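Chain lettering (A, B and C) follows the sequence in which the chains are written, and residue indices restart at 1 in each chain.
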Amino acid sequence: MKQRATTLLLMLPALLLLAAVFLYPLLRYGWLSFHASSVLTGLVPVPNGGANWLRLLSDARFWTDAGQTLRFAVCSVALELAGGLALALLLHQPLQGRGALRALTLLPWALPTTVMALGWRWILNDPHGPLNAAIRSLGGSSYAFLSTPATTWFFVVLADVWKTLPFVALLLLAGLQTIPVDLEEALRLEGASRVQILRRLTLPLLVPYIALALLFRLAQALGVFDLILVLSGGGPAGSTESLALYAYLNAMRFLDFGYAATVMLATFLLLLALLGGGWLLLRRGGIERTPDRAT
Amino acid sequence: MRLLVLLWSLGPLLWQLRTSLLRPEALVAPLLEGSPWTLANYQLVLSGDPPFWRYLSNSALVGLVTTGLTLLLAVPCAYGLQKQRGPLRWGVGLGLVAAAMFPTVLLFLALLEIARSFGLANDLLALSLPYTALSLPLAVLLLRAAFADLPVELEDAARLEGLDLGQRLRHVLLPLLGPALASTGILVFLASWNEYAIALTWISRNDLLTLPIAIARIGGSSVFTIPYGAFAAATVLGSLPLLLLVLLAQRAIVSGLTRGAVKG
Amino acid sequence: MAVRSRLPSLRWRRCALMLLSAVLLSAVLLALLPSTGLVGAQPSAAQPIPIRVLMPAPLADAVAGPVARFNARGSGVAVEVVRGPLDTETISDLAISSLLLGEAPFDLLLVDVSWLAKYVAAGWLVPLERWFGPEVLAGMEPGARLGNGLGDHLWRMPLTGDTGLLYWRTDLMERPPRDTEELVALSRDLQRRGKVRWGYLWQGRQYEGLSCVMVEVLQAFGARWWNGATARTELDSPEAVAAAGWLAGLLRDGVSPKAVANYAENDALQSFAAGEAAFLRNWPYAWREIEKSDGPVKGKVGVTPMVGAPGEQGGGTLGTWGLSLIEGSPHPEEAVEVIRWLTGPVVQRQLAIEQGYAPTWSRLYDDADLQRRAPLLAVQRQALQHPQLRPLTPAYAQLSDLLARQVNGMLTAQEGPDQAMAAAQGQSLQVLRSVAGTTGPKGTASEG
């Protein structure tokens, strides 16, 4: 059938490029993970059976980082969804200067992550940063925010939320705009309060958008790298180190490519298991309109 | 309420603006002490070697080429995908969703090897190849949804008039896709403008650095104390184009997502 | 959705047009690229041979003058210095990704002493003894000779002889402390009398700089990190635990601020230069930085070699930089000439005067004129008599990473010194085992 062949041909260049950039690395990591390729082999891959995978299983740091990465992702995505929904509802209202307001609130999302990570480091500086200056002017004493695991973790999450909340809000705003105004009007005429409208109309109709934001953000947050590299370097005491950062250290600092590939592949598999599980749960929960099936 | 939102979004940025206008000594002085404003940080950044605008133009070049290339590949792919039926459509769609959610940073090691074997390192145009690939999944999904939105009769009518596929795409379908193309293009441009991990490993020459790497590196440029002032000035300079872009394109971004995102 | 919105408004058409023109513009730029100099021109036979050197920015700036003079001599070689970032870990990332990316992006690399074993094992460097002979280091201070050879080869020529130094405030005390106890006692006294907010500032952030601090503190308490003979770490010895305990005590007793646990060199220097502390641990360049500024402690700062615990010999961490020849350089002969000249006394003299970097050649330390113009010289020479090497093994990056992680954990009060050091020792042995287990055919496991 000629038309089918043509449409396939149309898809081919994009699919080839995608295969080169996504599929090839996965295959390559799979191969590398069964090889030793480090300074001690002169960076030449030498088969070493499953040594890398055995090492991974008993590598406490990998599993600690996995837990930390998951905790980071869950907390920041939850905050982003809650805040993003609130922001989207606000931006959906007919306000004066709404366009400018939308643009300005979008700005944090448009800026490079690393740039603002350095900015946060300055804001949190002890004792010269503005936050500590403010605390002192209120009569308190400076606090070393980035020297304590708990506060460092909090500000890493905050920085991530600050940057990506606008994006979530944007997605949800797009969803809000698809809700017909007359439905809302009808409910209001029936005497429903704003909270009731939100619960009975808005939220149910937003579910596919929320699911989409959830999946995308969760996947991105589980791969968090540059924010942590610049803001905390994984410290203090490795308490904010993510899996991606650990993989980066293994490759670029320790020059242990075999193990780095193992860590990356394992991270990907964990991510896949997590998202796959989440997706199944969502479907089980009776949500039919999951985003990738909706058309 | 509006004020609160603005304070949250812009507060950290305004602080950078203030920092960029202060002398280093004033930075460590008490908060509200009267301090003279200065443009010295901007001079420092703009007169660096290479000058700051070079990074801006590097990022702009990569961003534009990536955007163009992505749209060039994504439009036919999205059209073809929209015309597919059966398991292929389903499978490719799922693959695209999976790729769109893949954490970029996990790819850098293999991409670095590719760059080495094909001599793609230190080449801004080559850098836009992986960027294009990273942007493609989302772009195809958004554009496919936009294609799905177009009435089928439109294309049928065009076909009856004897227009071939290329003509139909160019004269009938693409003009209708304006908003979707614009919003997709902006998303792609922003993503490539901000990418860090791959630029970090593909580009090692000073004069070819993209903005995020260059700014992160100001942290250790020539002075021993952390040059927060110069760094803040660079942030402000690097943000202005984005501010403009977002201000101009805010409506396009929102409406493009409205049409596209979820129907993907 | 309303039908109206499906039709293209003029605005959208314009939008699409703009995008199209942007793409066209980039295509034009693309075509212009070769002529705008983004792509380097091929050197013709008449042009001088380019020798590219990667250096951290401050050192690159410091040698800019000498390099310009060298190039003006018309020797047929043009030295091209590439300014890298200052932070040792960042420039190491840059050097490594450059080396991984392609064949000899540079001819010469300024190598930190702590990278050497890794780079040698990776096969990136060319041995230099062929050009320099076995005796070339004999004219250097004993400390400066360390960390340049590995196995039976000479891998780099040292450019600087820096060690960690103790900075003290001449306006607050008569003489520098003689041991760690005096350092703490002086700090507390000054803090109690309200003269300074903090006693002692150092680098406690989770990064390689903390490992440098640890090397010094271990030495100060008679412990050691690395036993070259057994190729094992000795981090859980009672002395090592005592050393770690001393650092933890500094924070607990308020001699050092809690923020130290997030300080790198520049953070510590910034605070010390603002007059907030009595003592600082830093590298020699910090002194010039303080003297160049208009800060409150300008002219009130002295330096002294790192102190030990009572009865122990202190020693600063050896933090020397040296030039190495990159494997695959197309012009090794010319590159070696550049090494010879850049590490020679003329350039080192200028580095000492302008930036405070310690020379490596003994005769520069005897130069009366230089002594006058570089006041730290005597102290630097003294420090070079007892320098402390970091473990000379290709696995150093891993060992340093996990030690810094554990010690930083102790500083941020997650665990006690004995636990931290026991964990560091256990993990070090694990790393050494897994590294040893992967030794392949080209295994260059020559250590120290």
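The rule we apply is simple: a contact is a pair of C-beta atoms (placed from the backbone, for glycine too) under 8 Å apart; a residue touches a chain by one contact, two chains touch by 3 or more.
Quantities reported herein were computed from a predicted structural model and do not represent experimental measurements.
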Most widely separated chain from subunit B, with each centre as the mean of CA atoms: C
Interface with more contacting C-beta pairs, comparing A-B to B-C: A-B
Separation of subunit A from subunit C, taking each centre as the mean of its C-alpha atoms, in whole Å: 34
Whole-Å separation of chain centres (CA-atom averages), subunit A against subunit B: 17
Between subunit B and subunit C, centroid-to-centroid distance (C-alpha), Å: 34
Two or more partner chains touched - positions in subunit A: 128, 252
Numbers and ranges of subunit B residues touching at least 2 other chains: 28, 201, 219, 226
Subunit C: positions in contact with at least two other chains: 93, 97, 267, 270
Residue ranges of subunit B in contact with subunit C within the complex: 25, 28, 49, 61, 64-65, 67-68, 71-72, 112, 115-116, 119, 121-122, 124-125, 149-151, 174-179, 181-182, 185, 200-202, 204-208, 217, 219-226, 252
Residue ranges of subunit A in contact with subunit C within the complex: 36, 38-44, 46, 48, 51, 55, 125-128, 142, 144, 146-149, 233-239, 249, 252-256, 258
Sites on subunit A touched by subunit B in the complex: 3-4, 6-11, 13-15, 17-18, 20-22, 24-25, 28-29, 87, 90, 95, 99-108, 110-116, 118-120, 122-123, 128, 130, 133-134, 136-137, 162, 166, 170-171, 173-175, 177-178, 208-209, 212, 215-216, 219-220, 222-223, 225-226, 230, 244, 247-248, 251-252, 257, 260-261, 264, 267-268, 271, 275, 291-292, 294-295
Complex contacts: residues of subunit B adjacent to subunit A: 1-2, 5-6, 8-10, 12-13, 15-16, 19, 27-28, 30-32, 73-74, 76-77, 79-81, 83-84, 92-97, 99-111, 113-114, 129-130, 132-134, 136-137, 140, 145, 148, 165, 190, 193-194, 196-197, 201, 211-213, 215-216, 219, 226, 228, 231-232, 234-235, 238-239, 242-243, 245-247, 250-251, 253-255, 257-258, 261-264
Subunit C to subunit B touching residues, read off their complex: 1, 6-8, 12-13, 15-16, 18-19, 22-23, 25-27, 29-30, 33, 38, 56-58, 61, 82-83, 85-87, 90-91, 93-94, 97-98, 100-102, 105, 265-267, 269-270, 273-274, 285-286, 289, 294-295
